[in-house]
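The chains carry the letters A, B, C, D and E, assigned in the order they are written, with residues numbered from 1 in each.
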C-alpha cells in the first residue's frame, strides 16, 4: 500500500519539477502531469479498494513524527478514501480532457492544476483546522488561476470577484480558527470536538464562524454570485473540476467539521441547504447561458447534499447511502455536462442543438440530465427516494416538500434545455469537432452513472436487480441502432413477447393486473407492428419505446412501492422521448414532462406517507394510511391524475398526443394513459370507500367536468390528432368518474371504458395517424372524400367511433349501460348527467372525424392517394376483432371482472348464461341486441335492394348546390368550424382558462426568478457585501 | 440612507457578530496544552532553539509546505498573465536615468543583502527569522537591482531552477521522512542529519536544511512575482 | 497592553472590511484587504501572548525569564502573512490586467457577468 | 309455431300498424297546420301516394356505398326503437323485443339511425347535408340533457329503467301517470321532446328554406322512401316513448293511437305557435330552462326516495 | 509604559488606516498601508513575536508596498 501522504509528495514534487522543463518539453511535462494524476488516483483508489474489501481500518497519518494535537495529522478512512478517489478520478479525467489547453498555456498551468487536485485531497484528509485553512487557500488561488485559462475580460473579472469573496471568507475563517484554538487549546478537529467549545457564547461564535465560512465556500444561495461567475466564465473543462471535485471536498469538510458545534448546528445546515437548493434552481429557470445554468444547477445540487449532511442525525443509518448517492450523481453528471459544454462551445442553451450531430454525445447528455433530475436507473433516483421516505417517516414533511420543489425547479430548466437540444431547428452546417481526449472522459462518467445506479440497488428496500433486465435489453437495442427499422422492430417485438412471457406468471392470479397486462403488453406489441410501416432506420425509436413498455411492465409486476415508482419514472422517461420525436412536439413534450415530474413527486410523497404508517415498502402499505390520511390519498390521486390528464392537469395532453409520430400516438394515448388509471384503481382499492369519501366525491366531479370539457374541446378541433387527443381527455374523465363511484357497477363501467378506450383509441390513432402521414396534413378540413380511396381504413374508423359514441350494439354501449345503472344507484345524478351530456358531444366529434376525413368531396391533391399499408391495418383489424368479441360476448369479459370486484364491493349485477345482464334497476342482453340489430339491418337492406333497381354512380361534383355544380372540392366540403352553432352557445366552457392559469403560474415563477436574480448585480464588491450579510443573518438565526 | 451608511451598518453588524470573541478575550497567564508541550519538549524533540522555527518547519511542516505552494501558485498564475501579452511586449524597457550613487551603492549593497538573507535563514533555528524572512530579504535585494539597473533582466531560468530545485528538495526531505521514519512525512529525524548540540548551526536535524531551501525557494518565488510585476511595466 | 493590541487588531479588521465593502477603487479595495489581514494577524498573535512571557526562543536569554509566549499562533501568523502577500499580489495582477482592458479602476465598471 | 317466429310475425304486424298510423298522423298534422294557416292542405292519403311515387321512380342515382347504406341505418334505427319498446302495457305478444334492453338501450339507440343518416348524407358531398347534420347533432346533444335528467328522475322515482316496470307503476288511473306523480320530470321530458321531434321552433336542422330538405338533400326515389318510412315510424315511436314515460302507456291499440296522436300534436302545435330558433339559441334554451327543471326534478325525486 | 506605547501605536495605526482607506491619492494610501504594517510589526515585537515582526516588516510592509507601487506605476503608464 502506498501511503496517502504520497499524494501530496507526488503532486508537489511534480509541480515543482515541471519548472525544470522548458517550452520545448511540453509534451513530456504534460504526460508527466497525467502520470502524476494517475498515480494519485491509484493511491486513493487502492485505499478505497482495501476499505471496500475490509482489509484495512481507518489510518491516521502523522506528520513530522509527532502525534496530534502537536502536529498535523491526516486521516484515511473509508469516507476519505471515497472522497479522494472521486477527486482524483475527476482530476485525472479533467487532466485528460484539458490536456491540450494545459499544454498550450504551459508548465505553470499544469503545476497549478495538479496542485489544485492535491489541495482538495488534503482538504478531505486533514484533521487540523489551520492546515485546512492553508489548503483551502491553495485551492482558492489555484482556482482563481485556472479561471483565467480562458483568456478574456470576463474570466479576469470572475477571477477577481472570486479572490475578493474568498479573501473575505478566509479572513473570517482565520478569526474563527484562532479563537477555536483559544478556547479549545488545540487546532485538531477531534480535539475541538471533544473540548465542546460551543458551550460558551464566544466559543459558539468561533464555531459559528468556521461553519459559516465552510458553508460559504460551498457557495450557498444567495451569497454566491462570485461562484456563479466562475462557472460561467471559466473553461467548461475546469467548471467540471469546480463543480465535481471542489464541491465534493467542500461538502466533506463541512461534514467533518460540523460535529465541532454539536447537534444544534445540523438544522441550520438543513435550512441553508434547502434555501440553496430551491433558490438556486428557481433562479436557474431564467438562465440562458449554458455554463451559468450548469453553475446554478451545481450550486443547487450541492445545496441538496448539504441538506442531507444537515439531516444526518435524522437519517441515521441511511445517511451514508443517501448522501453518497446524491453526491456521486451530481459529481458524475455535472462533470459530464460541463465537459460536453466544452465540446459544444455554445454559450446559449438554445444553440446546443449541434449536439445532435453526434449521437453518442446526445445520449450522454440525456443521461446526465435525467440523472440530475433523479430518474431511474441513476443513483439520484435511489437516493432521493430513500431521502423522501426517511424524511416523511420522521415527520419532516416540509423538508421533503421543499426538496421536491427544488428538484422540480431544476426540472423546469433542465427539460427546457433538453427540449432545445433535441428539437431546435438546426441552423448551422458546422460539425462537431471532437477529439478523443475530450470524448472518453465523458463516456466514462456516463457509464459510471449507469453502473452506480445498478450498484445502488441493494441499498434500497424494495429494489431488485430484476428491474434492470429490460434496461439491459434497451441498452442492447441502443447499441444496434444502426440496423434498419424492420430488423429492430422484429427484435423489439420478439423481446417484448419474451418479456411478456416471463412476467405473465407474476400477474396471472390477479385479474385486474391481467387486464392491464393485456393492454400494456399485447397492446404494445400491436402498436409496434405498425412500425413496420416506417422506412429507414428510425434512429432512437426502439430503445425509448421499449423503455416505456419496460416501465409499464414494472409498474404492473412490482409488489413494492419502490418498484412501482421505478417503473413509473421509467415509463415517464420513455414516453417523454417518444412524444418529443414528433415534428412540433417540443413545447408539448416539455409540459408533459413537467406535469409528469410534478405528479411523480406527489406520488412519491404519498408513498412516503404510506411507508410512514406501515413501515414497509410493500404496496400493501397503501392500505389504511394512518398519518395524514386524506392528504396522502389526495396527493397520490392527483399524482396519478397527471398521467390520466384530468381537468386542470390536462393541458399537456393534446399537443403531446397530437403532434407525436403516427404510431406513437396510439402508444401514448391508448396504452400509456392507462398507467394512470391503473394507479388510480390500485389506490382506490387500497383506500376504500370509507376513507376516501370526500376525495372520491370531488374526483367524481372532476371526472365529470373532465369528460365534458375534453369532449367539448375535441368537437371544436380542426386537427385530426388533437381531436383524438382531446377525446382521450374526455374518455379518461369518464373512467375517473366511474371508478370514483366505488361501486361494483361503477368499476365495471370503468373497466369497460378502459378496455374500450384502449381498443378504439388505438384503432383511431393508428389509422388516423396513417392517414395524416399519407395526406401530409393534420387539418381535417384539408382532407375529405377518402372513403373511396381507403375503404378499409374507413371501416376501422367507423367501428372505432361507434364504440366511442357508445352506440348499441357495439361494446361502447356496455359502458353507457353500466354507467346509467351506477349513477342512479350511487345517486350521483347531476354529475352523471354532465357525463351523459359529454357522451352526446362525443358523438359529435366522432361524426366530425369520420365525415371530414372520409366523406364529402375528395380533394384534388389526394386523387392518387393509396390505402394504408397492411402494417397499419393489420393491428387495427386485430383490435377490431377485440371490439367485436367484446360486443358480442360482453359477459365473458365483464362477468369475471364483476366477480373479482365483488371481493371489494357488494355485487349488484348478475349475469345469466345467455348474456343477459341484470341489476336491480335494469337489464341488457348484449347478444340479443346484436342479433336483433344485425337481423333487422339485413332485412332492411334486402328491402331497399328489392325496391331499388340498378343504381347509377354519380360523378364527384354531381350534386345540387346553389343551383350549380360546384367544381372545387374546398368550397363544398363543410368541415372548418363545423359546429359553429354549438360553439356560439357553449364554446365559452372551453375558453383556455386552465391553460392561462398554468401560464400565469409559470410566468409568476419566472418573474420571481427574474426578481431574485437581480441580486446578482455582477459587482464583486456587492457579492462581498452579500457574504457579510449572509453571515450576519445566519448568526442571528442560529445564535442571535 | 446612503450606500456608504448602509455598508457601515453591515460592517458594524459583523462587528457585533464577532464582538463576543473580543469580549471573551481576557489575556492569558498560562499556556495552552499544545503551547506548553512545545515549550517543554520542543527543543528536545527537534533540536531547534527557536520554537517558532521548530513549529513552522517540523510540527506544522505541512502548513509550511502549503505556504510555499501558495507563493508558488501565485507566481505561476501571475506568469499566466505574462504569457498572455507576450506578443505586444517591447523588447527593451524604457530607460530612466539613475543616479550614480544608487548604482554604486547597489553594487555594494546587493551582495550584502543577499548574505544577510542567507544568514537569516541559516540561523532560523537559533534566532528569530528563517526561510520566509530570509527569502523576503533576498527578494528586496532583487528589487534594488531592478531599481538601480534599468537594463537588469531577471533570468527566469535561474530563478526557475532555484525554485524548482529547492521545492523538490523540500518535498524529498519530507518524503524521506515518510519513507524512513515509519511513514511520518516531514520528520526532521532523518538519518544523516544529526541533531548536534542545541544552539549550534549544525543542529536540529533537518530543520536548517529545510529552512535553507525554504529560504531559497521563497526568495526565488518572491523574486519571480516581483520580476513579473516589474517586467509588466514594459508591456505595452 | 495585550487588550489594547487586540483592540487595535479587531479595529483594523473591521476597518479593513469596511474599506473592502465601501471603496469603489479596486486598488483601495485591495488596500482594504491588506488592512483586514493585518488586523487579523495582530489578533492572532495577541491570542498567543502570555503575560510576562518572552519570545519562544530557548536560548540563554530566554531561559532566564523562563516564561514564554505560545509559539503556535506565531507560526500560524507567519503562514498567514505569506499567504496574504500571495493573495495581494494575485489581486493586483488581476486589477492590472483588467485596467488594460477598460482603463478603469472602478469596480462598478466590471459587471459583464451577472444574473 | 316456433315462439321466435311467432314473435317475429306479431312484431311485423305491429310495425305495419305503426307505419300506417305514422303516415296518417303526419298528413293529419299537415292538414291541421294548413287549416290554422287558412290553407286547405294536402289530402289525408298524400303520404301513401308519395311513397308509391318514390318507389316507382326508375332513376336510382347513388353517390357511393354509404349513400346507399345510410337510409338502411336510419330505418334500422327507427325500427329498432320500435322493437326495443313494448307497445301495449302488460301484453306479452305486444312487448316486442323489449326483453333485450331497456330505456337506456333505447336512448342510445337513437344515435344509431342518426349516425347512419349522417354518414349517408355526408357521402353525397353536398355541403347542405353536412350543415344540417352538424346542426342536428348540436341540438340533439343539448336535448339529451333535459331528457337524461327526466329519465333519471323517473328511474329514481320508480327505481327502475325497465319500461314494463315504469308502465306498471303508472297503471290504475291517470293520477298515477308520471305526468302527475312527477310533473317536473314530465315538463323537462316534454320540452326535450320538442327538440327530439325537430319540429318548429327547433327545426332548423331540416330548415326548409336555407337548405332544401335538410340532411337528406341528395336523397330521392327508393332511398327517400326508406327515409320517409322511417320518419313515419319514428314519429309514432318517439311519441310512444313519451307516452310510456309520462302518460301511463297504452293498454289497447286504441289508446296507443289516441295517446300518440295527442303527444305528437302537442309538439306540432307548439311549433305552429313559435318562430324558429337559431341553433345556438336552441342549444342555449335547452341547457337553460328544461335543464334547470330537470335538475330540480332529479333533486326532488332523490329527496323523496 | 508599554500600555502608553501600545496606545500611541494604536492611534497611529488608526490614523494610518483612515488615510489608507480615505485618502484621495493612491500613493498616500499605499504609504499609509505600509505604515500601518510597520506599526503592526512593532506591535508584534511588543507581543514577544520577533519572528512575526520580521516577517511583517519585510513581507507585509516592504514587499507588499513594492508590489502596490509597481501596479500603480503600471496603471499610470497605461493611462499616460
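By definition in this document, a residue touches a chain if its C-beta (ideal position, glycine included) is under 8 Å from a C-beta of that chain, and two chains touch if they have at least 3 such contacts.
Just so it is clear, the model here is predicted, and its values are computed rather than measured.
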Set of chains whose contacts include both chain B and chain A: C
Chain nearest the overall C-alpha centroid of the shown protein atoms: A
Between chain D and chain C, distance of the C-alpha-averaged centres to the nearest whole Å: 99
Averaged-CA centre spacing for the pair chain E and chain C, given as whole angstrom: 10
Chain A and chain C: spacing of chain centres that average the CA atoms, whole Å: 50
Chain centre separation (chain B, chain D; CA means) in Å: 107
Numbers and ranges of chain B residues touching at least 2 other chains: 7, 10-11, 14, 18, 25, 32, 34, 38, 50, 52, 59-60, 63, 66-67, 70, 73-74, 77, 81, 84, 128, 132, 222, 225, 229, 232
Touching two or more other chains - residue numbers and ranges from chain C: 2, 7, 17-18, 21-22, 46-49, 55-57, 68, 72, 74, 76, 78-79, 81-83, 85-87, 89-90, 92-93, 95-97
Residues of chain E touching at least two other chains: 49-52, 55, 59, 63, 67, 71, 74
Touching pairs among all chains present in the structure: A-B, A-C, A-D, B-C, B-E, C-E
Touch list for chain D against partner chain A, complex: 55, 58-66, 68-69, 71-73, 75-76, 79-80, 83-84, 97, 99-105, 108-109, 111-112, 114-115, 118-119, 122-128, 130-131, 133-135, 137-138, 140-142, 144-145, 148-149, 152, 155-156, 159-162, 212, 217-218, 221-223, 225-226, 278-281, 283-284, 287, 294-295, 298-299, 302
Residues of chain C defined as touching chain A within the complex: 13, 17, 20-21, 24, 26, 29, 33, 36-37, 40, 43-44, 47, 72-73, 76, 79-80, 83, 86-87, 90-91, 94-95, 97-98, 101-102, 107-108, 110-115
Touch list for chain E against partner chain C, complex: 2-3, 6-7, 9-10, 13-14, 17-18, 20-21, 26, 29-30, 33, 36-37, 40, 43-44, 46-52, 55-56, 59-60, 63-64, 67-68, 71-72, 74-75, 78-79
Residues of chain A that touch chain B when the two form their complex: 3, 5-6, 8-9, 12-13, 15-20, 61-66, 69-72, 105-106, 108-109, 111-112, 115, 119, 122, 126, 128, 130-131, 134-135, 137-138, 141-142, 144-145, 148-149, 151, 175, 179, 181-183, 185-187, 200-206, 208-209, 1025, 1028-1029, 1031-1032, 1035
Interfacial residue positions of chain E with respect to chain B in the complex: 49-55, 58-59, 62-63, 66-67, 70-71, 73-74, 77
